[in-house]
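You will see chain A twice below: alongside chain B first, and alongside chain C after that.
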Partner chain A sequence: MKKRVKIEDISRRSSQLSTLAKEDFKPLPPPFDKPEATPDFAPLSPAAREKYEGSLDDTIAVSIPKPKSKEEEERLVAGFLSGLEKLFTKENNWTFLQPLLLSMEHCATCHTCSEACHIYEASGHNPIYRPAYRSEVFRRLYKKYVKSKGKLLQAWRDGEIELNWTTVARLAELAYRCNLCRRCAQTCPIGVDNGLIAHEIRKLFSQELGIAARELHDNGSVLQLKVGSSTGMNSLVVKDNIQFIDEEVSEKTGLSIQTPWDKAGADILLIHNAGEIMAWPMNPGAFAVIFEVAGLSWTMSSEIAGYDSINYGLWYDDAQFARVALKHAQAAKKLGVKKIVLGECGHAHKALTVIADRVLTGDLNIPRESSMVLLESLIASGRIKVDPSRNDFPVTLHDPCNLVRLMGVVEPQRRVLRRIAPRFREMEPHGVHNYCCGGGSGFAIMSGHNFADWRCQIAGRKKVEQILNAFKDELDPSIQKYVCAPCSNCKGQLRDLIAYYDLWEKHSIMYDGLVELIVNCMTDVKPGFIEWEQH
Partner chain B sequence: MLDSTLLGLTYVSAGIFVAAVAARAVKIARLPVHLRWELYPVAHEKGRASYGGSYLEEVDWWTKPRHASLIGELKVMIPEILLLAGVWEHNRKHWLRSFPFHFGLYLLAGLVGLLLVGGLFTLAGLRISAEGGLLGAAVYHLTYLVGYAGLGLGLLGAAALLATRTFDPNYREYTKKGDYFNLAFFVATLVVALVAQALADPHFAVARAYFARLLTFNSSPADVRLASPGLLSGLEIAMASLLVAYIPLTHMSHFFTKWFMYHDIRWNDEPNLVGGKIEQEVAQALHYPVSWSAPHIRGDGTKTWVDVATADVNREEGK
Partner chain C sequence: METKPLGGKQIEVDEDGFIQDPGAWDEAVAKDLAVTEGVNDMSENHWKVVNYLRNYYLEFQMAPMIRKLCKETGFKLKEIYDMFPSGPAKGACKVAGLPKPTGCV
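And then the complex of A and B:
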């Protein structure tokens, strides 16, 4: 049962600030409309509770070790304060200072943003998941310790907050209960951005204290910069895997496909999220088929990070972000390509096209383009010939937030689907008003402790509702249905959601990307590219 | 003496208002360039704003002209500012309280304009009354209408907001003592103003005369048309002056910072072109010193962002 939680409560030591019970969660459409029809929320293990900070809710994302001494407690608080100061200096945070300051100063706490948040709604309006809760805690800390240090009437004007180890540790966790989808920011009448504030809190912890989700930092950006990809694949392994994929798609399509590597002077450098190569190999395979049939001049790069478009720094660390973006640009520069085309990965799209736009200067500022746009032009121009009757099954489209709401690439993929999928229907809402899949901001790859349960039960709940509603008249398992998700992270989350709610077995709902659908109906290839199976 | 004190207070308040708005605007405008953080729909995207599309939807977008639409921005900004369209769409219950408050304040800003015009006309010898000719009658009736509507709506909205923040726990938990003071300040000022107008100056003649004296720095009028305000009207003017000075010193300055939040952030989709102004600003920012302490950065205050971005992360972490 939910209880009321005040802003100041975050600092009060208690076994748990908030508890989660699936009876409180927003009911899903039938047949999942009763709590007992959904899986049980796995509890945190006693060992995890013993070892890590787990007093925020019923899960752990960051795994901050509990302090062993008073000195350790004080060290964390002092580090936090130091980072807080730095976050509001132009030298250390020119990247986001203006947006951050404006969001810090002008929230009217009108709660207009609350209902826009899929996490707050799905949790059954748990007060700690209200978009403004985390922001208000952080705002009070900023005003008390940075802006108005010791000034008369400060608490009267800005509200009470106490800073201690509990506040800091819970705030670190709370920064990872937001998908950074910024749907809340769309609704703010003033322009306050709670997603940005969560992003900046994550940065403070990472850049000052070295605290971040392990999947994003150690196993993410650090590994990518070390070996070339967060998957752990070095250039030899990735080439091997792509060769295998080429052979497989050649056999499936009846064409002879060979992915070009390190071709200097090619027009296009294609960069995939390397997770595709490992988890959904038919996606890069389909790209290769389309590009080869269209006769494009293209290549992949075997440089460090040149074959993996992910940039997890986008979600938690500006330094890591800049390092990876530079590697991508350097790979393109070395090959002398005319443009970089990003495969089906939403955050990679936004990272390299929009955010890195003000990091890359001079000859590193190589044009970047969405594959959605290029694919549409190939089909519209007739360079790729399609037979839509091969895709005669229900299809809906999931809009990756980074690609759509945060980048404005909305229609190209829809124009393709209207052309190739006769039974395409939209989710509601869709386009720039879509809901996050629940895997955004790195959650799709985070499954430590019972975080995957939280991600599927709460963060992804709204997406499950949307998918069930999109197919509500055709839920019969004899009808195979396709959720088109042109984004690797979204696909990772959809894979988990479909497995968690058993949507393939019960309703024959499958997911995959856009290129697979295109190749499935290309007249130049053998029919049956899509394999209907749980994967 | 009382007259000159009152006039002085109004001048000082207006001065504080202008200075505070200007200082804050300059401070915001002088912050360094930031990374792009736009949010779609971007209202000036010609032909695409209706569904939230961007110029990035075009093949080789960097080779094509970009079309920004001022009309597109106005189509969003005008209903957003005047009618609080976003709150109407996303928080209807709150709109019922917030809209009368804000629209009331817009009307009161309009009232100030009408009183200034009325004051000028009075000084020019024009009669402002129901029988004062076309122009005089128009200003008279408009002032009457706008004045009472503004005071009434503003008071209704402020009282409703104060009640919500007091009794609704969802709002109460986020409301600081200063917020209660702000709303109470509005309620008190608007109550005094409404009572003063209704009892002491029902046709805004005293208020108009006061604005005429403000315009002429006239603290001791010989002209009977510019009679001094009485005690009640004097209290109204004093409270309103203080409120005007106070607003831009608080988070209520969002009435103008919203412009930055929309134009500098939410709708700022300006690409960084080689050799352009943004590139110069970015190049400068990349040379700011970094002092972040985490092991993968080890900023010592001398390293720049360029040094950090080009550093070997594995060596930084000591691995």
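And then the complex of A and C:
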């Protein structure tokens, strides 16, 4: 059972600050309304508990090795303090200092944010998952060690909190119990951004202490900058894979498709999340079909990062973020394209079109556009001809947080769906009030230890509820249903949720992107583009 | 890094049980890795998948696209899940001694 947890409890050494029990989680709609209808939450192995810091809750995201001595603990705490100070200086935090300061100074502890958080709600109101719990711990540390510079009276007024390795290790893990969806920031009456605070804590740990989720750093941005893509594809492999995709879509559509590579002077540089090429190849294939049929001047780039739009730095490290954003812009500059168009990847959208504005100046500030906008214009203008009757099945739309709430790209994809999917229905709530899929901020690719259980049972629970409700009148498995999710990270999470809750076998609920639905109803291609099977 | 007895040797594995040195792989290691994936009996079909993954890896230093795996081996994805319950990336690749797949896959 859940117990009350006070802010200062985070510093008290105990085996675990909080525990999770399936019976506490928010019930799902039928047929998943009993705890026994969902898989069990696997316990952490004794070996993992022995080796890694796992005293927050019942899972581990970051795998921080336990310090071997008191001296090592002290060195890590000192590093945290040094990072904390740097986070509040302009030279070291030119990206987010101002909004961070505002969020540090102005929380009225009204807890409006709590009710907006899908993780807090799904966990059955576990107190440590309140968006403001993490923030308040961090705020007290800021006030005690940065703002008041150790003035005891001030520290006492703000609420005492002890800084020790237990606090630091738990705070690092706690920064990875938030999808950075910022639904809490949207609802805060005074604009406090608890999502930003979680982001800044991750950043402090990565930039000062080298502590970050391995999937995002070592196997993510570091690998991308080294070989060209976080998937490990170098330029030869990616070209080989795209050639395979071209052959597959040519066969499926009856058209002759050849993806152009490194075409200097093309209008558009199209950058996909390279995960699409590896795991959802019909997505880049569908883009190629649409662009070729529409007669666009476009190309892909085989430069380092030029064929992989991911920028995991967005979630944990400003320096890695800037390095990758520069590579993207340089690939476009080298080809002399008029603009970069981003494929179906939410975080890549926000990274390159919004946040990179702080990095790309002068001739690197090449126009960047969402594929949602381009696709809409191709269909609205009639350059792509469609027969909506080919999409005669229930469709709902998942709104990727980065694209929708955090960028305001709300309507283009909906106008496309209203045109091509006669049985389209919205989830509730939707648009800028959507809920995260639970894979946001990198979680979709994090499955160490039992983290996939946490991600599917807690972070993704609200999305499962929304999907079941959107299709509630047509749950019968004889009716095939389509969750349109124009984002690779969201698709990775939806794939796992569908497998975890057996939604394909039980209810014929499948997921894929927007372009697959478009190509499925294009009159220029053979019918039957969508593959109604597990993938 | 943790080590585990696999195929009669002590081999380094990561927290998800993927072996760290692909060079340490042999058929005996694969059989023991299969057991960790709930596969107690490696059939001819299992070996077909594993050998394809292994050969692709030796040529390209990474895992193939899942679609290529299906096309080249002639198995539907569902059949691969039936053989390797954690799927091609987390299950079959592990048995074939490949590192854990990376990126948004």
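Just so we're on the same page, the second predicted complex is superposed on the first by the 533 of 535 C-alpha atoms of A that agree within 3 Å, B and C clash if a C-alpha of one lies under 4 Å from a C-alpha of the other, contacts with A are read in each partner's own complex, and residues count from 1 in each chain.
The criterion applied here is as follows: a residue touches a chain if its C-beta (ideal position, glycine included) is under 8 Å from a C-beta of that chain, and two chains touch if they have at least 3 such contacts.
Computed from a prediction, not measured in an experiment: that's the story for all the values here.
Q: According to the stated criteria, A:463 is in contact with first (chain B), second (chain C), both, or neither; which is it?
A: Touch status of A:463: no partner.
Q: Name the contact category of A:374: first (chain B only), second (chain C only), both, or neither.
A: first
Q: Where does A:455 make contact in the superposed view: on chain B (first), on chain C (second), on both, or on neither?
A: Neither chain B nor chain C is touched by A:455.
Q: Name the contact category of A:241: first (chain B only), second (chain C only), both, or neither.
A: Second partner only.
Q: Let me test your reading of the model: by the given contact rule, A:220 touches which partner, first (chain B), second (chain C), both or neither?
A: second
Q: Is A:94 touching the first partner chain B, the second partner chain C, both, or neither of them?
A: It touches chain B, and chain C stays clear.
Q: Among the partners chain B and chain C, which is in contact with a greater number of residues of chain A?
A: Looking at chain A, the partner in contact with more of its residues is B.
Q: Shared contact residues on chain A, chain B side and chain C side combined as an intersection?
A: Residues common to the chain A contacts of chain C and of chain B do not exist here, since the sets are disjoint.
Q: Can you tell me which positions in chain B touch chain A when the two form their complex?
A: 28, 31-42, 45, 48, 51-62, 80, 84, 86-87, 89-91, 94, 98, 169-171, 173-179, 251, 253-254, 257-258, 260-262, 264-266, 269, 271-274, 278-279, 282-283, 285-286, 288-297, 299, 305, 308-311, 313-314, 317
Q: How about chain A: which of its residues touch chain B in the complex?
A: 4, 6-7, 79, 82-83, 86, 90-92, 94-99, 101-102, 105-113, 115-116, 127, 132, 136, 153, 156-159, 182, 185-193, 196, 206-210, 217, 221-222, 225-226, 317, 319-320, 322-323, 326, 339, 353-355, 357-362, 365, 367, 369-370, 373-374, 377, 404-412, 431-433
Q: With touch defined as at the start, can you tell me which chain C residues reach chain A in the complex?
A: 2, 15-16, 60-63, 65-68, 76-78, 81, 89-90, 100-105
Q: Can you list the chain A residues touching chain C in their complex?
A: Going through chain A, the ones touching chain C are 47-48, 51, 63, 215, 219-220, 223-224, 229-233, 237, 240-241, 244, 248, 273-279, 281, 308, 310, 345, 444-445, 447-449, 488-489, 492, 533-535.
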